[in-house]
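You will see two complexes here that share chain A, one where it goes with chain B and one where it goes with chain C.
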Partner chain A sequence: MISFDFKYFKPSSVAETIEAYNGVHEQGEKALFISGGTEFITFARTNKIYTDAIIDSKGIPECNVLEMRDDNLVIGAAVSLNKITNSNLFPFLGATVKQIADHTSRNKITIGGNINSELIYKESILPLLLVDAKVKLAKGNDERAVLLNSVFNRKLNLSSGELLLQIIIDSSNIDLPYISLKRTKFSKVGYPVVSVAAILKDNRLRVAFSGVCGYPFRSDKIENIVNDSTIPVVNRIDQVMDNLPSSIVDDLQGSREYRAFVLKNVLLDVMEEMEMGE
Partner chain B sequence: MANTSWYTVGKPEQRIDAVEKSTGKVRYIGDYSAPGLMHAKLVKSTQAHAKIISVDTTEAWKMPGVRAIITGEMFPYHIGPILADRPPLAFEKVRYYGEPVAIIVADHEYQAKRATEKVKVEYEPLPIVNSAQQAFQKNAPLVHENAAQYTKIISDVYPKASTNIGSHIKIRKGDFDVAWANSEETITATYSFNLSDHVAMETRSTRVEINPAGKVIVHSCSQSPFTIKKVLNQFFNIDVGNILVHIPMVGGAFGGKGTVQLEPLAYLASKAVGGKLVKLEFDREEDMTTAPCRIGFDATVQLGVTKEGKLVAGKYTYLIDSGAYTDQAAGITRAAALDCTGPYNIPNVWCDSYCMYTNHPFATSFRGYGHPELTFAVERTMDQLAEKLQIDPLQFRIINGIKPGDTTPTQAVLTANNIGDLEKCINRAKELIKWDEGQCIKSGKNKVRTKGISTFWKTSTTATNAQAGAIIIFEADGSVNLNCAAIELGQGTKTILGQILAEKLGMDMNKIHVTMEVNTQYDPHQWRTVASSTTFLAGRAVVFAADHAIAQLKKTAAVVLQCSPDDLEVGGGRVYIKPDPTFGVDIKDIALGYTYPSGHSIEGQIVGIGKHIQRHLTPMDQQTGFGKPGPWWSVGVQAVEIELDTRDFTYSILTGVTVLDGGTIINPMTATQQMRGGMYMGLSYATSEKFVFDEHGIVKNSNLREYPMLRYGEQPTEYLVDFIESPAIDGPFGARGIGEYGVIGAPACLANSLSIATGMELNKLPLTPESIWQRKVEGTI
Partner chain C sequence: MNRHNGTSKAFIHLHVNGETKEVGVRNADTLLSTLREKLGLTGAKRSCENGDCGACTVLVNGEPSHSCLSLAVEVVNLPITTIEGLLDSPVREAFVDKWAIQCGFCTPGFIVNCHALLTNHPDANEEIVEEWLQSNICRCTGYQEIKEVIHSLLGSNNHSIKKTHPGLSK
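This part shows the complex of A and B:
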């Protein structure tokens, strides 16, 4: 059980949300946005997270959108992972998020919550980084749509009181060839030892990683290496290993050395599946 | 041995708790709430081994709603089921991470929890004993300074002064040294695995009150209601008749709810608030580390054999990591010794089984009671030895399989009735796993399919006076209520007992009402619902109760029908004349006595009483192990086929096979599911489960985010179960116990299949792709 007291707000519009946030903030208290609430509940239960107030975004209409609008797919931040998979509107994203947690949890876990997770994995971000998704953010009276890549660096860097409303994906990026490979300790339900997602766009492989470093990432340098057809694939993979943005994670899911071993194999599979040469 | 003349025995009757459970309407202990109910929460040790310098409760007392705070020095005594070595609340020192240090009682659960965060405990760290191997070394730090001075509750426990040995069980059969020296081929191998958890779906929970008349009323999710009474009587000096224990349906136990931990704590909590009703419910994290878990295990096995493959000598050294207290690990130490060889006839046996204190969470019984562990060690050795001898591993097992006329390691004599037929089980498993199609097949690029097999056996090491009773009473419509203290914990025992009664009375299952709740005040005494013993013990009690009722039914009917009771038969809700079944009387007309048209009534209601107590069991001799530890041995065989990716060591389990000789199978459907569930559990800890400790003895994964286990849907793709039914003449309708058996061979057959697939001897569990990779890396250095 959660032993500390906290206020609960469930606003029904962006304006009310901002108002609730400011109200809490003005009293010198901490407010936290939630949508599915799975992380909040599980972390608060063990005192790993504390807040004076939670603001539930499930009541905000913009956060519950899941549809094609003109040439864009719009996904509200409070849409559950299962809804995304079942809608089949974006099979690459659907396949990637289906590897997160278990079915029952995915009924609750939302894409906004997963992107803003306290954990290092945030696997739903991988396809979004690769398809140059935009995010619609709200703060005060302002709403802005920006490239995800411009605000995501290790985590979604929002300013205080800023709220993720929607994710917007250009329809031209929805049907690209893709692969999403996740390796776990043993059970399919578990955090990634290594999770790699990749697409082929304009004959160029784009690739993003989770479970490798302490944050999910996509790297220009790595993409240049994997696309360098002058070098044999195994050598390209060796070069990738030398150019990871930081040291490989070493934790209960897998040792650093083991993760490196798995990553090399997964990259081989990705390159083979996407026919990236010998 | 299907007997088609049986009415319901041998038929796949639906479980009597199926509807309630599948509609989510069962109320478990934790679901209960009431006005005025108080809540207890524990302050737990953050250290694995440390002196308690002080416990400062000043700030905690200031928290709202706090009614009582109990610390260890308020009850500075030791309790335990076998050796009394565990204080309910730590005093003077803590011995494991998560150990209860203080109890807070408050009006609301959140208040109690908040107050626990305000208790300041000052520790002085002590050196950590972080493995059974380390504990065994000379000059290892001592977990208990005076283990030899603890009170023995059961005779077969031998703590050794100034060591970490909580018990040492010896088997000395024949002359091992001579046989070993004369062996034509030998093997010595070592094995290990770490502690893990039961992870029952329902976390442990209890509530206790002391009413103004002095009655202590306990509601709990326990496998041992009468042991709760015993413990509260023995250690808290309450008259046993003043302790009332209620057990509703239990949400999974697997042995973990056999021990008594929460009830004494909740009793102390209730006592501190004037006897008010207090609830103590463990969070998942507490259920994993504060509550007892499963043993860790280290083994060295030496086998000596003739060239022809006949085993002549076996030596077994088992180090059981019991954690901070012996609890049931002391019993497991004994159980692992008395079945140390696996189901093989070995004339010269030497076994030293040690229960080792460490600074890990303490271990208790877990489905299999040491047998999955010893079977892993023995069956891996058998495979390696078969390879040395170049004998087919199945043939090697058949050559050495134990049979009637042979003796067990404790020199108990086996007969056609007390041991199943191992060879039949092996041959059936061989067919099901398609052994003859090859044990190792290349199945694709970097893919290999291999098969591994394991035999297993186990006896039920109950107390020598373990017993059960049953009472049956009748309704006015002729239907029957069955009361018995067997606990329904998901294993389906109440359905099985209902079937036994229905069979005896020749009555439909829907006329049998089995009371789900157990109440020690009106249910006859039953030892405990553990050790796969309930079908046998309680089943026999039900048979006797039914016979008792039948005799009464016939007596009344004989008066009504004007004949001798010997002329009568009971069945179909009637008592009738054997030669003319149309001439009879309905049970409903005599169940509560027979009333003549005149109004005169005779005989009164039918009350059937039955009981059964173990026969001819003995303790074990301290020097040789000689004794008769259990009523029968069930034997079986398990096999898996796996597919391994030889490049990255990921693998999947394609087929799982279990063949068990459980005597007569009362309900083939529940028995099949029990084997499947067991094998799944065994595969889960063989592939995934273990506690990870840091160098300070702290558990790093005491939560379900990080404790790895198989999930629903990850069972083998093909899941085959079959039974050999060599009847046990003294079991109910020929049944033996089967509850634990599905789990026993699973780790061994998985390790055997993976050892073949990888070409490496894999002798440590769990077998994750990482651990196999690690083994490969170490092997190539």
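This part shows the complex of A and C:
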């Protein structure tokens, strides 16, 4: 049971969304946007989050788009993970999000919700970082499309009242060779000990990580290392371990040492699968 | 915009098992608690309340959903099917025939999920069956018998699976 009360708004347009947000804000109250709402419910039930109002984006047409438009794939923030996988419009993203939670949960978890999660994993974002996806954001009467990499640093940095509407992917990036590997502690469903996603573009490997540090990341320094074919693969992996952006997570899912061990092996699998040897 | 929900409580209409029910809820009420405590539909079980176990599974718009992870106000205007709406489902009968029941607590969630699986994938391969069944936990570990239920109905062209589904609109 959720112990606190809140107002619920389900707007049917961006304008109504902004109106609802401003109305709550003007009363000095806090409003949260939700799309799938699964994380909100679990956090609210355990009193890890509080809000005076929630604004449900599932009624906004722009947030439910999943289609090719000209040379771009457009994915609304309220599209469920299963719909993305089943559409097969972007197999790399489909394969990665298929590893999140369980099938029934993925009917409700949305791509926007996963990217904006308070948890450290946010695995949906790995393919999007690698293909230089753009995000369309709305605030007040303004809408803007920006590179995801420019607004994502450890988490999606949105300003107060700013709403993620859509994710836009250039069609030239959706059929590149890819690999997406997730390792969990013991069951097929669970948070990752390590999750690594990679694509090969212009003969260069791009790689992104989740579960390793306290946030998902892609690193130019690490990509330079993994692409240096003058160095033996095992040495490259050792260098990657020395150049992680922060310390490795150490928690109940896996100790620091165990995660490091798993990461090295996953990187070896990635390099072999993508034929990145000397 | 749904104007009724500018407050913390609302009277809403839920379409459950082919019937429309008016019910007063807090916006904070989950679909699970609304079904059980307001509508007396206790087939969906309260267990983890965290989307982990599948005991509370119902169909929302034909798709399996953890009712503990939905607010009742989120599913207004969507067809909902609970285990009580699947009384004539061949899946239910097959659970009995295959002895796919031990303590029975997880059974309603499994039947609802299996029903949706067979409706959406009447010729599902092993990978699809595995993927769907990972959403439900049986603490008695009766998984083998539950898989036998699925396999006994796969490819059987059992049209009664769809016909016995009043809340499903795909």
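Rule of thumb we're sticking to: the second predicted complex is superposed on the first by the 277 of 278 C-alpha atoms of A that agree within 3 Å, B and C clash if a C-alpha of one lies under 4 Å from a C-alpha of the other, contacts with A are read in each partner's own complex, and residues count from 1 in each chain.
Simple rule for what comes next: contacts are C-beta pairs under 8 Å (C-beta built on N, C-alpha and C of every residue); 3 or more make two chains touch, one makes a residue touch a chain.
Predicted model only: the values in this text are computed from it and were never measured.
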| item | value |
| --- | --- |
| Fit or clash - chain C, chain B, common chain A | clash |
| Chain B versus chain C as contact partner of A:Ile2, first or second or both or neither | both |
| Contacts of A:Asp56 with chain B and chain C, given as first, second, both or neither | second |
| Broader residue contact with chain A after superposition on the shared chain, chain B or chain C | C |
| First (chain B), second (chain C), both or neither touched by A:Ile41 | second |
| Which of chain B and chain C A:Val262 touches, first, second, both or neither | first |
| Touched partner set for A:Arg183, first chain B, second chain C, both or neither | first |
| Which superposed partner A:Gly254 touches (first chain B, second chain C, both, neither) | first |
| Stretch in clash, chain C with chain B, out of 6-14, 60-68, 78-86 or 114-122 | 78-86 |
| Common interface residues of chain A - those touching chain B in one complex and chain C in the other | 1-4, 42, 45, 102, 188-189 |
| Contact footprint of chain B on chain A as seen in their complex | 1-4, 42, 45-47, 102, 183, 185-191, 193, 252, 254-255, 257-258, 261-262, 265 |
| Chain A-facing residues of chain B, complex | 109-111, 113-114, 117, 283, 285, 647-648, 650, 687-688, 692, 700-701, 703, 705-706, 708-711, 714, 766, 768-770, 773-774, 777 |
| Chain C - residues contacting chain A, complex | 1-2, 5-10, 26-30, 33, 49-51, 54, 57, 60, 63-66, 68-71, 73-74, 113, 131-132, 134-136 |
| Interface residues, chain A side, partner chain C - complex | 1-12, 16, 19-20, 37-38, 41-42, 44-45, 54, 56, 58-59, 82, 98, 101-105, 107-108, 188-189 |
